[in-house]
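I've put the structures underneath this note.
What follows is subunit A paired twice: with subunit B in the first complex and subunit C in the second.
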Partner chain A sequence: MTTRTPFDIPAHASSDDPRVTLDEQLGTFEPIPPYPPRTEREAEFYTLRDGEMFVNMGPQHPSTHGVLRVVLKIDGEKVVDLDPVLGYLHRGVEKLCENADYHQAICYTDPLEYISSLFCEWSPVIAFEKLLDVQVPRRAEYIRVLSGELNRIASHALFMGWFALDLGGLTPILWSFIERDEIVEMLAALTGQRMLFNYFRIGGVNGDLNHEFMSRLGTWMSKATNQINSNQALLNDNEIFVRRARGLGVMDTATALSMCMTGPNLRATGVPFDVRRAHPYSIYPELDFDIPSRTEGDCLARYLLRMDEVKQSLRIIDQCLHEMPDGPIMAKLPRLIRPRPGRAYAAIEGPRGQYATYAISDGTDQPFRMRIHDPSFVHLQTVGLLTPGNLIADTMAIMASLDPIMGGVDK
Partner chain B sequence: MALKPEPVPGSNLPAVISQPRDLVEPIVVANTLWQSSNPIAYNGGQASDITHLREFEASGEGRRDNARWAGPLEIIPTKADIVLDLIRANSLWPLLSGLACCAIEMMSAATSKNDMDRWGMFPFRASPRQADVLIVAGTCTTKMAGPLVRLWEQMPEPKWCVAMGDCTCSGGRYKRSYSTIQGIDRIMPVDVYVPGCPPRPEGLIYGMMKLQQLIKDRRGHWPERAIGPTVPEDL
Partner chain C sequence: MDRALRRRLEARFADRLTGPVRQRHDETEIRIAPGDVPEVLLALHDEPGLRFRMLSDLAGVDTGSAMQVVYHLWSDTTGDWLRVIADGLSRDDPRVPSVTFLWKGSEWMEREAYDMFGITFEGNRDLRRIYMPPDYTSFPLRKDFFLPDDAARSPGGGVRHMEQTHGPTNAETGAHVRQAPAS
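Presenting the complex of A and B:
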């Protein structure tokens, strides 16, 4: 057995220095990091045995859902080990929030999980409302739940398209983008933006329901169930897809719990944990909906579970529309918000799992510290457990079934 | 470039100008795998003298290729160029490279509802070797800047760059961040700016149609741009 450790790159080089990044990575884009191994795990990973080689996947790669870079250690076609390299989309959101007042901070957290922006606003808004001890009007809560569940359907529609695309099917993404475009157009009528809505405010929402939104929503709801069923029939009844996804990347319950997985990925392993039921917020205790769960824990279960969630979201939207009360949409608040010193934690159930914000106030008009917990980051860690032993092509399928969004991972 | 190239004995290329700054050690890989039937083809199987793009730019060799027809066709009046530009403008192949949020709207512009293919800009290529246009969609961080410039330099001439979104135009909402590039034009030339956070798919299509007009009018960056690095020295 021969081993080699190619760590002969100068120690002063740091991948965080932009000049070094531009100079050295232009010439060479080695999978080996430009510094000596910092941990035993790194030293072990970057040491090759006989027959093994490194393959650098990313950061520009159509299948990694953004700018994730993964160093694969492969033996033939089989993945032996992998090392994700993060930080290609690190925008310093938490630091920016500390230098913005409470209203502006919501704008910075918006593009974190950019295909479900309303949930990225919802969590800090609830945390700030806890700090301020504000009672949100009931109509505002209904509007939040209504628009949030619409956004959840749009996010899951995109998941369906991407998952099929990573498994090699091109048609479902065209169908899912039709669905997603209809939803974001109606949300644009409500909020004024297609993706980064910036709609939730501390103490309510920005604008009331308007005629265009309601007419678009009514048209869509009348055909939504049929359309979603026919979209899902593309994949659910496709034998090639089902046999490819079944039994791939199986996660057992104990590992999922110890890795802190939440959301659909945890529910696919048999734990019906949902923040909307476990730690209720907003008006979810009053609504009637089921928490779907599955026991297989493989890629197919994760996919089917999200498709079940879409149907539950439709039920919630239906109830919201029938029980929508009249009243104000904003609580009475001063322009300049100065909460008392204290700390608040707010967790919500996003399309990917538990999305949480921990905010500390020191009595000024700016948050002293904001910590954002993103489920994508947690789920991306489990790729290292699920992938080894599978083929290279399965890496993309497993990663897509976990549905990470790199904006949330890197913050 | 103020530096003057000198000929090197045994080479038909001008000399490499050593920069006052430290260069990365060039990778020279000799071809040992196959041999051409023509002994002088592919430089005889030897590694090229050009080992670094900055040295290549200093040599001035790249300035000769302005992507126009050369040789006997030079005597044909500029009508030929117009035809060539029409061909280029109506088959723009963008690079499939999304950085952040704007990438979703870029995909949306390519799918059924806003069908970019109608104007001849659809086939997103996953390889920079096959792409004409780099649509920089999303926030470019300092860590991503190196790989992005590398992608840009791997694209063959003629090539164009479209900055999509506020983050790539000027920094946008992350202007004050410590880890983002405030405007993609600090690291590469930009032909069309599409503002918006993110712009609607119709906005991107409008920007691409503006780019087509630029190509037809010959107002893009590329006629006077050389092959080689376009990175400012003091970044």
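Presenting the complex of A and C:
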């Protein structure tokens, strides 16, 4: 029998054609990097002790919420250590923003956390307004808070579905998509886009409230509380879910602070830190709402805390609708913006924690430096602390309970 | 704006500050030498009147002539953000002590600054590239790293107001290097 060379095979043969022979097996995972270890930690991680092996999770694994690759070092079914490998979604947003003018920079920040885009726009917008010393009209602030809280509910609804899906429950994600779809369609009526809104402008918002948005919002608000309660009853009272999530991935207060955690993940450990109260921006000081916090610090606490936040967001939306003032929605600003040289830092509370922007102006129409701080990035590194000692299946549960979005992690 | 914080900082770190304490909007800013970072941040973190327990952000900055590492801190004792700028790192070999001994969570933020600017954080046990591939050799957020489609360097540069070059140009390559505002 003659051996086939690649020349015998027609060029159009597909890789599953039996005539195609491959000299090396495809799909072999070689976990040890082909270069010497760069750091002490990398050398330690890539040294196997007796009985240990590497398993590659991602970058196409469905429960990594994007393209994250995690190299797991396992002993039997137990995770001994793990090494997240980032960068599969890195676009260099900060560099792009430095080469765009101030208005263009806002739309680059949109796809960072693509399920809560309004918050990604919000912090650079506030930072630029600080550079320019602009006073935003009150109506614009109310519209921002209103649309932002709607986006927070949509994001938490999706979190509920994803978290249950990663624990093996299929039904909640269908329900949460119904929930989220209505909000997203509503925001599309307001902003013109379903996901990447590009709605906030320096000095205000892009468009005023319109009839379609208000009528959809009115219909939704009348049944929202009941709908959200019945959705949450799917999981909150589900014994399988509760027993699976309770006591898993416990984080204590001191570690959470030392890991620079913010948002629901920090509040689940007992620190009632919320930027909306700790360092108020926009019209939040005038609104009446509570900051829920829990002390357990496990996956269940992180889940329940987000569900409590949804109810507070509904309260805020209700107040915004009742107190919405009349007036302009944009401050008077020139088309081409050249802030005076200076530095500004703005942080806001998003659904995942603190989004922050540090902007430096050098007096031209482009930001000199625009640093974007993303909560997902910070929270993802705690997976390395929480997971060792747990089972492989718990890795996904812990990761999902921290709710990272890879678009924001990889920037 | 918290005037009392300014006085407290001036009194406590008088000999460590390399510039005046600046305040604008809700931000207070101090500048220190890179070698003083662990000492100053430890004092800010622990001392009862300061208690800046939360590291809100850690960023690298290339000013065109030097490197900076910028820390943003939050404390429940004041209404201001505190910005600590470790200024004057050399662009050829930027080095600064790591703050992972205070905030373990700064490990990845320091890795990011290393990846993007080449700043070496001494004491960070896992300082390797985080976004770019391991065989990558340059530092993308440095000011002498140009995008291939940088409008300001195109043949039509300077024709339209959006495309005008800003600041001095590099004599060898003809490319402009943006410089941070003096302050």
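Note that in this section the second predicted complex is superposed on the first by the 382 of 411 C-alpha atoms of A that agree within 3 Å, B and C clash if a C-alpha of one lies under 4 Å from a C-alpha of the other, contacts with A are read in each partner's own complex, and residues count from 1 in each chain.
Everything below uses one rule, namely that a contact is a pair of C-beta atoms (placed from the backbone, for glycine too) under 8 Å apart; a residue touches a chain by one contact, two chains touch by 3 or more.
Model, not experiment: these values are computed from the prediction.
*Asks:* Which holds for A:Leu321: it touches subunit B only (first), subunit C only (second), both, or neither?
*Replies:* Neither subunit B nor subunit C is touched by A:Leu321.
*Asks:* Once the structures are superposed on A, label A:Arg38 by its partner contacts, choosing first (subunit B), second (subunit C), both or neither.
*Replies:* The second partner, subunit C, only.
*Asks:* Examine A:His279 and indicate which partner it touches, taking first as subunit B and second as subunit C; both and neither are also allowed.
*Replies:* The second partner, subunit C, only.
*Asks:* So in the superposed three-chain picture, is A:Val250 touching just subunit B, just subunit C, both, or none of them (first/second/both/neither)?
*Replies:* neither
*Asks:* Scan A:Gly87 for contacts with subunit B and subunit C and give back first, second, both or neither.
*Replies:* both
*Asks:* Looking at the overlay, does A:Lys95 come into contact with subunit B only (first), subunit C only (second), both, or neither?
*Replies:* So A:Lys95 meets both subunit B and subunit C here.
*Asks:* For A:Ala347, is the partner it touches subunit B (first), subunit C (second), both, or none of the two (neither)?
*Replies:* The second partner, subunit C, only.
*Asks:* Of the partners subunit B and subunit C, which touch A:Ala393 in the superposed model: first, second, both, neither?
*Replies:* So A:Ala393 meets neither subunit B nor subunit C here.
*Asks:* Under the contact definition given at the top, report the residues of subunit A touching subunit B in one complex and subunit C in the other.
*Replies:* Dual-contact residues (subunit A): 87, 90, 92, 95-96, 99.
*Asks:* How about subunit C: which of its residues touch subunit A in the complex?
*Replies:* 24-27, 29, 53-57, 59, 61-62, 70, 72, 74, 76, 79, 81, 83, 102-109, 112, 116, 125-135, 140-141, 145, 147, 150-151, 161-162, 166-167, 178-181, 183
*Asks:* Residue numbers of subunit A touching subunit B in their complex, please.
*Replies:* So the residues of subunit A in touch with subunit B come to 15-16, 18-19, 21-29, 59-62, 66-67, 87-93, 95-96, 99, 107-108, 111, 114-115, 158, 173-174, 177-178, 180-181, 194-196, 406-407.
*Asks:* What residues on subunit A touch subunit C, complex-wise?
*Replies:* Listed in rising order, the residues of subunit A that touch subunit C are 33, 35, 38-42, 86-87, 90, 92, 94-96, 98-99, 101, 130, 255, 257-262, 273, 278-279, 336, 341-345, 347, 354, 356, 358, 360-366, 368-369, 371, 373, 377-378, 380-382, 410-411.
*Asks:* Touching subunit A in the complex: which residues of subunit B?
*Replies:* Contacts found on subunit B: 24-27, 52-53, 96-101, 103-105, 107-108, 111-113, 126, 138-139, 141-151, 153, 173-174, 176-180, 187, 197-198, 200, 229, 231, 235.
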